[in-house]
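I've put the structures underneath this note.
The following pair of complexes shares a single chain, chain A, combined with chain B in the former and chain C in the latter.
Showing the complex of A and B:
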């Protein structure tokens, strides 16, 4: 059955990714951070990513909440795990929001509307999109190396780094060739480099939900500035 | 100047992703082998292992702009992953300079590539510079994030002037050795595919 769920404008998703980056760079108040988790989780629920919300919620409860609970026993977890998760979770969540499975065409239309320079945007999007793919491919290469007895443990890798590097990186580079060819053909068919004004089947128009999310995001920045002035 | 085509931009994006993964792998290995020094030596070790990706990028996109874009995307990724806001600037500057050396000078190809890769590798010091030059602001940011004095002491224990020089030297040695090994690997695996550029 084809479930109908709401969609979020790519420009709002991008705004939230940038907001998450701000969270990483500047020390936002915990209350603002928790508010951000809540808003992004709700947005993910609205676009139908229930399972991901469950995973993020689990990570939040196990790793992020202990930062607020200043219990001495949890200090070790807080130092080694919690801070890392607390820092990276907003970024992962907003990336999930941005990487909607059906949104490639929508992103293309949104970028055209934003008049973003394609020489920077295309490599950035390709890079972000393919980092998880190559990590997966790297795991498979590592497994097949193990299967052939070439890199069975960390000791073997540490003592023969160049051998491992050659066995690991050359297949990865070769498979990237295929990816480049496929993507290039696909982009040629879609005439991405054509500078003429293009139409899109995706209507890029901000809806009520997008305005609401945008305002909440701005509200969080305002809230942070206000709380900061109180301290 | 020849404009970069869409396939060149895609190739740049793909090789930047591979560069970033190798950098993350280096960080992971260093984190467990030399904790405390891992951040300081990361640029040097990354330069040692990413030379081949750099060579293939130049071989595939033989135009001015690819290296600059790669550096800019890495800088943007640093920004997105929560590094210091100005961390991306050295990346962009070093990448443009490396691009200029690679495609606008008439030095012998091997010397030119070696020099441009060394300059490009120095861009990776961006996230480290605040440790030395904006120490107090960095400590304040760590404290505000809930990190305790013990952690801050652990971070700054090895951040000395001597370590800064060692870090810069490591990048120089790492990039030279890395690119020399990359030349050999290129000749062995990719010369037939992309052409005998570095004979």
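Showing the complex of A and C:
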């Protein structure tokens, strides 16, 4: 069993992922972005993701924080990196939050509780199901590449993206084709199409921490709208 | 007694008019166990797809025939109600899992049927206790060994109870304990009136259970036999039906030391490894010598550490402490990686190039033997094909040939015969023999396939909880 005691409801995680997507699309105030970073970092700490918070903090300090410092010479490169990371970082952080110990079963239960229609529910659940498969098969491919003397590092991926595509994506797609057929067959036989009310083995209930995070998230949207009205 | 399934003159054509099944009469009664066998590609899985209603629900095409399946006129019109009455275990357990951890996987069908949490917990507890998987309930599925995954897949097909259970090569990765549990469960199900439909190449665990056998050939029913009749057939005749010799499994494995001198010798001393997050999964080997005089089989219960040991021997994992030498030369993990090649069970994840020829020749150090190896593995006609477009057996031949051509001295094989029929198993066995006799290569095979091990390996290493107990 898990040793960690705190966990966040998948619905709140999903709300934060959507919020982070808003950061990616719309230019939010820096103060709101920093606040968001702080809240998600605290949430990650509460669920025991200390090492990840350290990495994100490092990225934040190196790439995002300098955006507040005005320097005329390196402004272009700095701003490019800073804006890019400032927008992307919340998304990665909230994804970490969403993936933490949330089995696909818990996600399904949470999504079902939101009364999502089945034409949205089934594809979403399949997407959630595929994330761990991609990760595991990606690891196996990386290991096989090592036997062939083709181990990939970030430099090779950056300078030879097509080679990376050939080595990683094609075997992954080929394997996924089989997985998709088996998965569809298995889920149909296990009554995924059933129109009765579905139940869940996991109790899905919002706790105090979930309500708090939800309110803080709403507060940040409100804060952004208020700041925007002042300008 | 009323038949659960009663079909006459079943025919199935794919949308491009390819005839996959023709003229099949099939009957299934409550509490009956029926085996569907035949060589690879004979239509066994397609017949299971029809019987389980996936044709035409998922696989399109034209179905013809008369009869009924679980009270519905054939072809069935209400698939969800049919699905409620059946269970199915697929060939590859990994790809049939819909969730990421054991508990939710066991609960999946019951959740879809709207059973209460208390009822689900009670049923899961019963099944988990019986299959001894309670310790894994909270564990992610990807952390389980192949056999443990297969056990979970089987256990989940039993929840909730069904009228007909379809099992497609369910025993391929199971160890002796797993097979015994499987047999015991099938016996119990049969007694309680559940009808069982097995697609199998192995008979060692299910021969006592089978009532009737349908032999398929090119999508047609070639023969219908009783279990008593099947027992009178010779190993060669069984191979003609795609079945393994059931008696080979009970033969003792005998050590057959080859006279030739060892040219490759891998020595391990004080090897110790433990996963950081799973301290109980340890490998501890005081001393072990492997050489190329024999083909070495690595056996052990599911989760004993076979795959971990191979990862350590190939340099993918680094042991906390060890002294590994190859022909007297001290090897670091990096050196082991340069000398090793692992042919996986899922070969499609290790084929990377646009043609078979390039796959074989990339960084090949035995190019002088290219023609001989291509001919030995029957790859002449496939050289210009994309490796991912090949069948499973062809992909495996390409992977083995590229391992050999790479010039590496230590070749490892992970369950190379999983899901193969008797003929294909013999071919893999012959290929490994060919390599061992003609090239200075150390061969280690992880397998649960007793007939294959009997036929292929000269030495068996048994691993128990990370320790070699028999060498």
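Following the convention adopted for this analysis, the second predicted complex is superposed on the first by the 156 of 231 C-alpha atoms of A that agree within 3 Å, B and C clash if a C-alpha of one lies under 4 Å from a C-alpha of the other, contacts with A are read in each partner's own complex, and residues count from 1 in each chain.
As a working rule, a residue touches a chain if its C-beta (ideal position, glycine included) is under 8 Å from a C-beta of that chain, and two chains touch if they have at least 3 such contacts.
Source: prediction; values computed, not measured.
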Touch test for A:188: chain B only (first), chain C only (second), both, or neither? both
Contacts for A:179 in the overlay, against chain B (first) and chain C (second): which applies, first, second, both or neither? both
Does chain B (first) or chain C (second) touch A:203, or do both, or does neither? second
In the overlay, answer first, second, both or neither for which of chain B and chain C A:117 touches. neither
Given the touch rule stated above, what does A:162 touch, chain B (first), chain C (second), both, or neither? first
Identify the partner contact of A:141: answer first if only chain B is touched, second if only chain C is, both if each is, neither if none is. second
By the touch definition above, which chain A residues appear in both interfaces, chain B in one complex and chain C in the other? 125, 166, 170, 172, 179, 183-184, 187-188, 192-193
Chain A touches which residues of chain C in the complex? 49, 52-54, 57-58, 79-80, 83-84, 86-88, 90, 92, 94-101, 103-105, 107-117, 120-121, 124, 138, 140, 142, 156, 314, 316, 337-338, 340-342, 344, 346, 348-354, 362-363, 388, 406, 408
Footprint of chain A on chain B - complex, ascending: 4-7, 9-18, 20-22, 29, 33, 49, 52-53, 56, 60, 65, 69-70, 72-73, 76-77, 79-85, 141, 144-148, 151, 181, 185, 189-190, 193
Which residues of chain A touch chain B once you look at their complex with the stated criterion? 17, 21, 23-27, 67, 75, 78-79, 83, 87-88, 91, 118-120, 122-128, 130-131, 134-135, 138, 157-158, 162, 165-166, 169-170, 172-173, 176-177, 179-180, 183-184, 187-188, 192-193
List the residues on chain A that touch chain C in their complex, please. 1-2, 103-106, 108-109, 125, 129, 132, 136-137, 140-141, 143-150, 166-167, 170-172, 174-175, 178-179, 181-203
